[in-house]
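Following: one structure in structure tokens, then a few remarks.
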Amino acid sequence: MKAKVTVRLKSGVLDPQGRAVQHAAESLGLQGIQEIRLGKVFDIELETTDETEIEKILETLATKILANPVMENYEWEIIQS
Amino acid sequence: MTAQDLKQVAQEHGLSNEEFQKILEILDRDPNLLELGIFSVMWSEHCSYKSSKIHLKTLPTEGPQVIQGPGENAGVVDIGDGWAIAFKMESHNHPSFIEPFQGAATGVGGILRDVFTMGARPIANLNSLRFGEVKHPKTSYLVNGVVEGIAFYGNCMGIPTVGGECFFDASFNGNILVNAMTVGLVAKDKIFKGLAEGVGNPVIYVGSKTGRDGIHGATMASDEFDDSSEEKRPTVQVGDPFTEKLLLEACLELMQEDYLVGIQDMGAAGLTSSSFEMASRSGSGIEMNLSAVPMRETGMTPYEIMLSESQERMLMVAKKGYEEKVLEIFKKWDLDAVVVGQVTDDGWMRLKWEGETVAELPIAPLVDAAPEYDRPCKEPENLLSNWEMNVDQLNFSSDYSTVLKDLIGSPNLSRRRWIYRQYDHMIMTNTVVMPGSDAAVLRLKELKQGIAVTSDCNSRYCYLDPYLGAQHAVAEASLNLACSGAKALALTDCLNFGNPEKPEIMWQFREAVKGMGEACRQLEIPVVSGNVSLYNETKGDAIFPTPTVGMVGLITDIQNYGSTAFKQSGDAIFLLGEAEAQLDASEYLAWVQKKTCGRPPQLDLAMLASINNFLLKAWENQLIRSSHDISEGGLAIALSECCLLSLEQKLGAHIIFEENTDIQSITKILFGEATPRVLVSCAPQDISSLQELARAQGIPITRLGSVIEENLKIDPWIDLPVAELFNIWDAGFEKHLKSK
Amino acid sequence: MGDYTVMKIGIVVFPGSNCDRDTYESLTQQLGAQAIYLWHKNHDLQDCEAIILPGGFSYGDYLRCGAIAHLAPIMQEVISFAKKGGPVLGICNGFQILTESQLLPGVLLPNAELKFICDQIWVRIENDQTPFTKQIKQGSTLKMPIAHRDGNYFIQAEELKRIEGEGQVVFRYCNQEGQSSEKDNPNGSLNQIAGVCNIKRNVVGLMPHPERACEKLLGSDEGKQLFESLLG
Amino acid sequence: MKAKVTVRLKSGVLDPQGRAVQHAAESLGLQGIQEIRLGKVFDIELETTDETEIEKILETLATKILANPVMENYEWEIIQS
């Protein structure tokens, strides 16, 4: 089974990378971009197909490793393969 | 707001009743929320030094080399030929515990700004770290995050991180220390200060936009930890070293011109402290239009703008008529720069928001009347019992080789390469002696002279005897410099202690400052800058008091720098000094016997000063090839380090002691600690000149043995291949971090 | 030795470049060469006869190292200069910018241990037909520092075979004796690759810092040979 | 209007960060994770609501800045706000 966890900076937390990309976009002449924020996406391949087990794994992964709760939010979804 | 509400709000801002009354007196009216917020940050421990000021005043701060003492963004000392060194150390302890990577990174960012606001180009960073026990579940995560954060910021800025220290002890389990130091080079006639002079001169904001970062940061740094600190997490600030690099280059470019009156970085308490301090130093006033401040988010209030701790920002005052020139430079570097106000002459801070005055505060009373406490002090009850050491209960091992291996691979004595390999320590092409030696040595391009830099503090000594411990910190730093062929010029400190409202903690603080001052006076090393970090405790458990000392020394001719490593087989090894080694308070006792007790070794500062002078002469005359002070771990460890640092050469040593059967006294010889003691090596043909010089200067000198190849032999007790020792020493740090 | 002042070398300064001054100082003071800075916003190479993209963190290395820098106005000129056969050297971040610009093959991924590494290493010269190695004997070793977080050279398998076959690998990590094995690979690079060139050999990129190895006082002067090759 | 660009490493490209996360997951005792790969997600806020214009902007952004075609693939979607 496949799953996806997306981790994003909480709103209000400075995102220097997003800002740098936005600047670069402007210097490329792209107009009307109000904001770009950069997050991470983890594509995960799992052995089990048991959804509750997967949920448990993803929750643990997200809270313990993938996201830093001090400044990041996360969401996950299971993707049927 | 009713009077009751207002009082309540004041309390929530950490203001005491007494402080609140003082505010009412100063204003002769009720403050509004913005004004209350400003008072609270200006009067926080962090900004006002209210508990420490009375003691700090006793430190010696003067000397012919001092160009700028405490009170500015950084201290400055003269190194001759029109050049000077600006340096300072600062803590970022609490933020680093909450978010190690960003906390440490922004700590580095802050101290860098302190130095380049003075007009100095930063040329070196150091960091002094304290973590809990290696096996504590959080330690590895914290070490990884902190070191990566320091590396991230310093490396991106292109400033080499050349030294520091790292010490583990359970007392730091809930409260780590991250002290960062920056050293900068500045032309003597191009030093800038945080001044706001000249009525009508524009006040200019530059750097990152203001966000809602760390709004309660300044007050948080002065708060003890409890479980609710988790909730304060959204106040984490994110470091943006790229913006700071642009800020650095833009500021230094601007400082080449004649447009600036004064400049100050926005550190803790951001726009508030920078504007108040600049005006206060100049006895002027400032009027600012907060609506003009560049904002990162919509809907920000004046309160948030004044209290925000967004990083990578500066406040400056330019000469009237030059504002366009100033803005142009920042535009070149793609940075926001906006005129946000002007200097006035009435001594008031006036803040406007959308055309209306939203705060009006008298600057001098607010700054000068900041509370100052002479808090009660009391000797801790366990002080004397801690000094008692019942050695008879201890189990001493006669397998000295195993003890040596155990110690050299221990968390506190193993090689720190895992740390400094992550720091770019060679950028700027000045690093002559890399991290790993007693001090780092930097050449200064185009100058004959070089400098050596170090940071030191034995936290355990300071816990067991803060007075003596602080003296040891100064002593060791100066000795580390002398071992590098450098004469100490001045020091910066970072005083990390627990809750000053507890008399035992305040006593530790007072004693440490007293000891530090005394050592500084005797060694003629003034204190030119520093920082105090209090409330370092969790759930009532205070850290080992840690008055970290950062020191800069001058090498008059860089060709004569010194270093720790043995250089050549056949060289003679000598011991300078004859202080008697003791196991009390030692690293041996703490690591091998798991005991923190005993009184730290007494310290003969006059002898230390003589040895420092002797080392300088010996290096200047190129009489010695290596020198290394004996500190944590004693003679056997110091000797090992001289061998191990020869790296690929894998040099060893052979020294011989008299037969002895008393296990305890042998342990004392090998692993006991005492200062001042120094190991030096010299070429065979220089032996007699060296001995003569020692005699002339009254330095006790003892021939211990010789540098040999491959093995470390301390006859008749230890014989180990250096290669074996190397592997243990080299791998120890990471091994401990990874073991669960 | 030739007259080192004949050639004008341009050092590109991006926002966040931080080895630009080191490179400038090594060239002018240690080699007596003629060098100028080229500002990223300009389009003018000012008649420089060789271009160096220095190390550092252009644009903070945000997004991907070198990703934003390769869009800078000056890079359009550097790219056409390179395509005309002009000598271009990318050091560390400069190497990353050259791969992002696709002037050089491959990419630089995060180091295998995901940590920044600053250390003294050795590289072996694999190709002495580039403007920056033509005076160094093939097979000889140079001691130079590395300092990077993203130096893990990667390229798809067929491409790897191709660049190895074409002799595009210029520098390979090795031990002090010049033997190259995984043991002496600091960052996980495929085939211990420390630097490569384009097919025409005029564009060279490497992770180690030759400009930091121009003086014995600092631990090595062996990096000088790259610049001597260019100038000599 | 909002849009999202996701950038992923091409298959076959080494992903040291994904691997490190996988190792961390294993040492946390999470079992049955076969692979984790790390990608980036860009959340973009745009002024215009004209979809064809947005498409053009996203295409340029993705090919010129967000993805390195040598090692990365991208996909984007427009999110009605």
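As written, the chains take the letters A, B, C and D, and residue 1 is the first residue of each chain.
One rule holds in what follows: contacts are C-beta pairs under 8 Å (C-beta built on N, C-alpha and C of every residue); 3 or more make two chains touch, one makes a residue touch a chain.
Everything quoted here is computed from the prediction, not taken from an experiment.
Trainee: Have a look at A-C versus C-D and report the one with more C-beta pairs in contact.
Mentor: Looking at contacts between chains, C-D has the larger number.
Trainee: Could you grab the centroid distance between chain B and chain D? Build each centroid from C-alpha atoms only and quote it in angstrom.
Mentor: Computed from C-alpha means, the inter-chain centre distance equals 41 Å.
Trainee: Measure off the straight-line distance from the CA centroid of chain C to the CA centroid of chain D, and report it in whole Å.
Mentor: 29
Trainee: With chain centres taken as the means of their Cα atoms, state the distance from chain A to chain D in Å.
Mentor: 9
Trainee: I'd like to verify one number: the distance from the centre of chain A to the centre of chain C, where each centre is the average of its C-alpha atoms, in whole angstrom.
Mentor: 34
Trainee: Touching two or more other chains, which residues of chain C qualify?
Mentor: Within chain C, residues 59-60, 62-63, 68, 71 contact more than one other chain.
Trainee: For chain B, jot down the residues that touch at least 2 other chains.
Mentor: 240, 242-243, 334
Trainee: Please set out, as single numbers or ranges, the residues of chain A touching at least two other chains.
Mentor: Where chain A meets two or more other chains at a single residue, that happens at 16, 20-21, 23-24, 28, 38.
Trainee: Show me, using the given definition of touch, all chain pairs that touch one another.
Mentor: A-B, A-C, A-D, B-C, C-D
Trainee: Which residues of chain C touch chain A in their complex?
Mentor: Result: residues 59-60, 62-63, 68, 71 of chain C touch chain A.
Trainee: Of all residues in chain D, which touch chain C in the complex?
Mentor: 12-17, 20, 64-66, 68, 70-71
Trainee: Can you check the complex and tell me which residues of chain B touch chain A?
Mentor: Residues 98-99, 102, 208, 211-213, 233-234, 236-238, 240, 242-243, 296-297, 310-311, 334.
Trainee: Which chain C residues qualify as touching chain D in the complex?
Mentor: Residues in contact with chain D: 63-64, 67-68, 71, 99-100, 102, 106-107, 109-112, 114, 152, 154, 156-157, 188.
Trainee: Name, in rising order, each residue of chain C that touches chain B in their complex.
Mentor: Result: residues 15-16, 18-19, 21-22, 25-26, 29, 56-57, 59-62, 115-119, 145, 147, 149, 176, 209, 211-212, 214-215, 217-219 of chain C touch chain B.
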